[in-house]
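As structure tokens, here come the structures.
The same chain A turns up in both complexes below, where it pairs with chain B and then with chain C.
For the complex of A and B:
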């Protein structure tokens, strides 16, 4: 099985951005070309933690995906293996409201890439959560 | 006790038994921590056969949060969550998920968590967390 085949399969059913995952988050990622990845989404109610609050793990999931995409240089987030993720939560985020995500590469040494990211409520730019991530690139991104 | 007996029917993504799209985790909770058998569904994959890193974080967050409840008898909210990914966490396999409380400083509770293979005890992921306890009914937290 080639790496490319694995990535195609992952894209199709990925929880975060897989088009064939009917219960997924269907996040659309964009890459600025300057090492910054951006995304915007609304989290459905099925991903709540406390009543009317998006689960912290789901925020971690979204931040993870956008950091991996930044680490891969906007090529293929599935080729950036997660090594570490550190998330700080600052404010509760309600479901079905627009959430803006951004991530950038802050350091790279060989195949190891360090990133940071944040999630903000789009309506008032409240900082909901921030994160640091460490990724290991493989395949064409290494 | 099984904490889900108190929370049955909740809609929480992590442990709500009334959320068919959630993880539906059921923990054994006590003063020393929380544990369960974790079997991550295919729909929560990142790669084929491998759980999404964010879902791994979610499972560890749930285990540590339940450990806080077991140790303090009140609910809590996540403030910091740090996850170390040591090996791929497979989907569709029974794994052991643990959360424990390491220190309590008034309302701040420091925790750790881990996911291991059952057969050989291999550590797949571990975590550290910081939680703030919240008094009052959980239904009021999101308002």
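For the complex of A and C:
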């Protein structure tokens, strides 16, 4: 699976996938032709909430970015303005373990795009968190 | 008044007081005159897609952490996030003082619902709001 998208230019400091952000997560995003955005990562220990548990807000952050990439059709995620995210947590996630992220568009009307996403522990496919997102695509006709 | 960070939050990316790469959010046990329990200016490394703005997920991080601490302060209990819904009203700027407020809306058995807001501290413009549903997992903690 090839890497399609890493932030470059003005937002190269993005926390999630900015290549110049030395404290960032450096997430690499991929886009399938079926409209699904995918990513796989390990969250470092510096992003914990409680001991040995990744902060739920960091999981929300990763899910938000994957949903934005799906909303933008795997093109320029900078155009996807986040309006809402609704995240549910099902299981704690330990740091430095592989996490699989996926997102897809579930509805689109004009410039508004609704998405859903999930994060699973890769080793046993445990559902860690799921999310719904609402985005506004800049430059699209409402 | 600032109060000590709970033992299980020492490593927290958001509020861990000695976390070398964290945000070191200090949360007060009582609201200030604006109703805020914390004030923070977010650093450049939590940037999002919009230039000069924080990542929307970091806004969720802040609200999630704040709700957890307010549950601890007011209910003397550890709460774990079940669900959190965040609305972004305007991009949340980096390097500007933000006021963070949280109020517990309901307690029903072990289920707690709380609402939070992120505002520009000086202008009081609302930037984001959120609703969190938490489940109490450990009660009767010492204050």
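Heads up, the rule we're going with is that the second predicted complex is superposed on the first by the 127 of 142 C-alpha atoms of A that agree within 3 Å, B and C clash if a C-alpha of one lies under 4 Å from a C-alpha of the other, contacts with A are read in each partner's own complex, and residues count from 1 in each chain.
By our rule, contacts are C-beta pairs under 8 Å (C-beta built on N, C-alpha and C of every residue); 3 or more make two chains touch, one makes a residue touch a chain.
From a predicted model like this one, the values you see are computed outputs, not experimental measurements.
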**OP:** Mind checking the superposed model to see whether chain B and chain C fit together on chain A or clash?
**Re:** clash
Original post:
Thinking of the overlay built on chain A, is A:16 touched by chain B (first), by chain C (second), by both, or by neither?
Top reply: both
**OP:** Applying the touch criterion given at the start, work out whether A:49 contacts chain B, chain C, both or neither, answering first, second, both or neither.
**Re:** both
**OP:** Using the superposition on chain A described above, determine whether A:74 touches chain B (first), chain C (second), both, or neither.
**Re:** neither
Original post:
Now for A:87: first (chain B), second (chain C), both, or neither, which partner does it touch?
Top reply: both
Original post:
Where does A:65 make contact in the superposed view: on chain B (first), on chain C (second), on both, or on neither?
Top reply: both
Original post:
Does chain B (first) or chain C (second) touch A:24, or do both, or does neither?
Top reply: both
Subject >> Footprint overlap on chain A, where chain B in one structure and chain C in the other make contact >> reply: 10, 13-16, 21, 23-24, 45-51, 55-58, 60-65, 68, 78, 81-89
Original post:
Touching chain A in the complex: which residues of chain C?
Top reply: 8-9, 11-14, 19-22, 44-51, 55-58, 60-65, 80-88, 91
Original post:
So in the complex, which bits of chain A are touching chain C?
Top reply: 7, 10-11, 13-16, 18, 21-24, 45-51, 55-58, 60-65, 68, 77-78, 80-89
Subject >> Contact footprint of chain B on chain A as seen in their complex >> reply: 6, 9-10, 13-16, 21, 23-24, 45-53, 55-58, 60-65, 68, 78, 81-89, 92, 94
Original post:
Which of the residues in chain B end up touching chain A in this complex?
Top reply: 11-14, 16, 19, 21-22, 42-48, 52-55, 57-59, 61-62, 77-85, 138-139, 141-143
